[in-house]
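Presented below are the structures under discussion, each in the form of structure tokens.
Next come two complexes built around subunit A: one with subunit B, the other with subunit C.
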Partner chain A sequence: MAGLSIEGARKGFGGTEILKGVSIKVADGEFTVIVGPSGCGKSTLLRVVAGLEELTSGRIVIGDRDVTGLAPSQRGIAMVFQSYALYPHLTVYENMAFGLRIAKAGKAAVDGAVRRAAAILGIETLLDRKPAALSGGQRQRVAIGRAIVRQPQIFLFDEPLSNLDADLRVRMRYEFAELHRQLGTTTLYVTHDQVEAMTLADRIVVLRDGRIEQVGSPRELYDRPANIFVAQFLGTPRMNILAATADGAGKAILADGQSIALPALSATLAAGTPLSIGIRPEDIVIGETSGALPFAVRFVERLGGLATLHLGGREGDEPIACQLRDDGSLDEGDIVAASFPAVRLHLFDADGQALGKAGE
Partner chain B sequence: MNAASRTSEARAGRAMAAPALAAILLFFVLPAIASLFLGFTDFDIYALADIGNLRFVGLANYERLIENPLFWKAMTNTLLFVAVGTPFIVAMSLFAAMLVNSRWLKWRPVWRVALFAPYVTTLVATAVVWRYLLHTRYGLLNYMLSFFGIPPVDWLGSPTASLPAILLFVGWKTFGYNMIIFLAALQTVPRELDEAARIDGANRFTRLRHVTLPAIGPTLLLVSVLTVAGMFQLFAEPYVMTQGGPAQSTVTILYFMYEEGFKWWNLGSGAAVAFLLFLCILAVTLVQLRLAKRSGAL
Partner chain C sequence: MTLRRWSVTLLAALVALITIAPLIWMVSVSFMARGEAAQFPPPLWPANPTLENYHLLFGTFGVGRFLINSVLISTLATGLALLFTIPAGYAFAKLRFGGRDAIFRMLVAALVVPGQVGMLPLFLELKAMGLVNSYAGALVPWLAGIFGIFLVRQYCLSIPDEMLEAARIDGASEGQILRRIVLPILTPIIVTLALYVFLSSWNDFMWPLIILADQQLYTLPVALAANSRQNVQDYEIMMAGAVVTTLPVLILFLALQRYYLSGLLAGSVKG
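Up next, the complex of A and B:
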């Protein structure tokens, strides 16, 4: 096993620069998830680490080896593709053995490695089947098995759960976590699904438009987002952002003229400073308290145990999402009192950068 | 789906397939049966004038063919064209398709048009150009060979060189069509398969053998069958370039059939040749199908 260091990675296709100087350090044995919207460059980043794309500039270091100019097979990596990329004419056994056979490993060594990996993944009974005779989840396991057999220093996963249905995705998430605990191999995992990122990662790297927006543990990113993009990218429903102006006296005036109390860190803000106030849907408190504001319930999403209320005043305004335990008492058209606890507020400046988390 | 809707769907399917089936019946099945029938008669110019002159001769046409050395010469030449030409043309088409499919090649559409162009140019016109290219004294091919110290070859005048010369011309003329079929197949091969093999340490040849070729197996079979059928039916190229010569070294089975039927007006004998040719193509195609099934391409 080894750590991974990506240093100033730049990559362009034609005149378009996809990676704009990305630097990441992944510690030995760490599970790092790269997350971002479509087109942000996350798959390209994974491909340059794999050696499937050449860097325009920058370095890739695995362990203490600079692998920037090396062929994919010489980098000590294994990759699991979104489409699984299993060889359709080979059996599961042959798929898993392919790399070792090319490396001219002995028959016994190949057999041992394949059967060990198959046992870890519980696919011993599938070894004689061809990929076409497997379900999506089974194919995914075989693809992982093929990666394990290579005994890589780094695992690379490119949106491996995207093609699975929701139930299977949940199960495979658990299996990925379990597998990482068992093998302890350094892992770089790309996804656009923030739930996968939050549940699997030791550390998350949020990428946007070829640049890193923030790096940190899931908790850090959720609690202390560096900017509005990160704040809204992580969390479902996403964080509410309200445009406001500081009044210079510890309060903010919202667009509709109502005011809410701000946390202590706002004391330095001059009156008239434009602000964006962020609050997560689960942090909004429904009920008559001092400072509560009246909102009409525009729409209720009932999820069984939880409900998401979409609150709003005027038509056309961005509704405010509020998540709470669903006791069935609230419905569309109701007027509710909602308050925004100052300690749960996130403040962002006019450029969308965090001013600091409330209460810290 | 209930029984009524299944019946109506089947009826619609039959109606839509009917025009194509009618064309196959009219232009393939009936002529094949007619040729089988005519092969047992002495159908000739007299029978054309008056059908009353047509006589049933049993297997006489086939017996005469078996005794005719020119038939065996034509058959040998044709089998040579099939055996050497098919792998040559298929390999050349696949190579060209991979070339124009590769990401690093610039001006790919231009290359595709340029390589496909020979297929759609007039055979007689290109044959004239090729006669100049293959000319013993002034030809480009001999000029290039001279750089390697190889003396001039009489490409179209030597019984040993004429067959490779025709083969070269046929390959150049036809590979563009196969190339387009291969190109379409190559574009359906997921890029991830090739990338997974690269990560597994496979070199270019191993990736071709273990990833690309199995993935385009059915297309490879289709192109092989079409090429084999085309080589069995080789006629226009030797007819235009060498008229079957020199010393009958480029007489093919179809050329022989043409001469039997339309030069000597032994139409019954020509029909027998046509039926034998049909059996040959059918047999080779069945063998190819079996091989493809065994190798897992189908």
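Up next, the complex of A and C:
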């Protein structure tokens, strides 16, 4: 095993630059998830690490080896694709053995490696089947098995759960986590699904438009987002952002004229400074407290144990999402008192960059 | 069965009968005695079936030699065509190289030029190369058919890039990818293409007629045409010759038609 270092990676196609100088260090044995919206360059980043695309400039270092100019097979990586990319005319066994056979490994070595990987993934009984005779989850396991057999230094996963149904996705997420615990191989995992990122990652890299927005543990990114993009990308429902103006006396005036108390860090803000105030839906407190503001309930999404209230002052305003335990007492049209605890607020400047979180 | 289905079946049977009737009569006449088919009205079946025409054909006229020529040229044409068109079609679909799309567009544009137009320049070219009146000369036009390249390319487009990339990560060279991953997937289209080239080269009349001057090198259709001039009245012998020419490819086609059709359809749908 080895760590991975991506240094100043740039990649363009024609006149369009997809990666605009990305640098990431993945420690030995770490599970790093690259997350971002469609077209942010995350798959391209994975492909340049794999060697399937050439970098325009920058370096890829695996362990202490600069692999930038090496062919994919010489980089010590294995990749699992979104579409599984199994060879349809070969059995599961042959699919998994393919790489070792190309490398002219001995028959016993091939057999041992394939059966070991099959045992880890619980697919020993499928070895004689062709991919067409497998379910989506089984195909995914075979694709992972093919990667394990190569005994790579780095695992690369390109949206591996996107083609699975919701139930299976949850189960495979658990299996990925378990597999990583078992093998301890350095992993770079690309997804657009923030739930996968939050649940699997030791560290998350949020990518937007070919640039890194923030790197950190799931908790860090959730609690201390560096900007509005990261704040809203992680978490469902996403963080509420309210436009406001500092009054210079520890409070902010919202667009509708109501005021809310700001955390201590706002003390330095001059009166009239434009702000964006972020608050996560689960941090809003419903109930009469001092400083609570009245809101009409526009819509209720009941999820069983939890409910999401969409609160709105005026017609056409972006509703404020608020998540709470559903006791069935609130309904559309009700007027509720909602307060925004200063300690739970995130403040962003006019450019959307975090001013620092309350209480820090 | 509904009335509609009955009428469709009946219509299909009728069309099939109209199509196959001349073929059946061809076989029937080939077993008639000399002059029997020239009677009026011509009989449908031989009064006394005989193999005399086939004896004459293979004995006096030496059709065996032409049959071997045809088998040889068609088999070689098929093998060579596959050898060149499969890698070419694959490369046009899946490999990145400068001018790929421009070259392919040029090739496709050339499809609209009738083959006959190219025959004279091709003949002059081969003459300069000293290949006139040789098997090699007869084979050249089959080496890399644009239609074949197009067919293979369209089918290859349906192979996911990720599968080839997985093989590259597994350490396979481009040659190994083509041999071990792509070729097995291409099986239906390879059968289709092989059959298409074999049938086309077997039935080809014009080019062998132009390029082969030596009678010993004649293919069946050319030999048959040459014989028809001196045996124009001998329907029975002519028909026996036609049977020898048609039957092998007819059997081949019937045996492989399932793959042939599925290959053509796959190419069109997936492309």
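One rule holds in what follows: the second predicted complex is superposed on the first by the 360 of 360 C-alpha atoms of A that agree within 3 Å, B and C clash if a C-alpha of one lies under 4 Å from a C-alpha of the other, contacts with A are read in each partner's own complex, and residues count from 1 in each chain.
In the analysis below, a contact is a pair of C-beta atoms (placed from the backbone, for glycine too) under 8 Å apart; a residue touches a chain by one contact, two chains touch by 3 or more.
Predicted, not measured: the structure shown is a model, and the values here were computed from it.
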item	value
Superposed partners subunit B and subunit C on subunit A - clash or fit	clash
Subunit B versus subunit C as contact partner of A:H89, first or second or both or neither	both
Subunit B versus subunit C as contact partner of A:A117, first or second or both or neither	neither
Partner chain in contact with A:L355 - subunit B first, subunit C second, else both or neither	neither
Contacts of A:L309 with subunit B and subunit C, given as first, second, both or neither	neither
Overlap of subunit C and subunit B interfaces on subunit A (superposed complexes)	50-52, 71-73, 77-79, 81-83, 85, 87-89, 98-99, 102-103, 146, 150
Footprint of subunit B on subunit A - complex, ascending	50-52, 71-73, 77-79, 81-83, 85, 87-90, 98-99, 102-103, 146, 150
In the complex with subunit A, residue positions of subunit C that touch it	160, 162-163, 165-172, 176, 180-181, 184-185
Residues of subunit A that touch subunit C when the two form their complex	50-52, 71-73, 77-79, 81-83, 85-89, 98-99, 102-103, 146, 150
Interface residues, subunit B side, partner subunit A - complex	190, 192-193, 195-202, 206, 210-211, 214-215, 217, 296
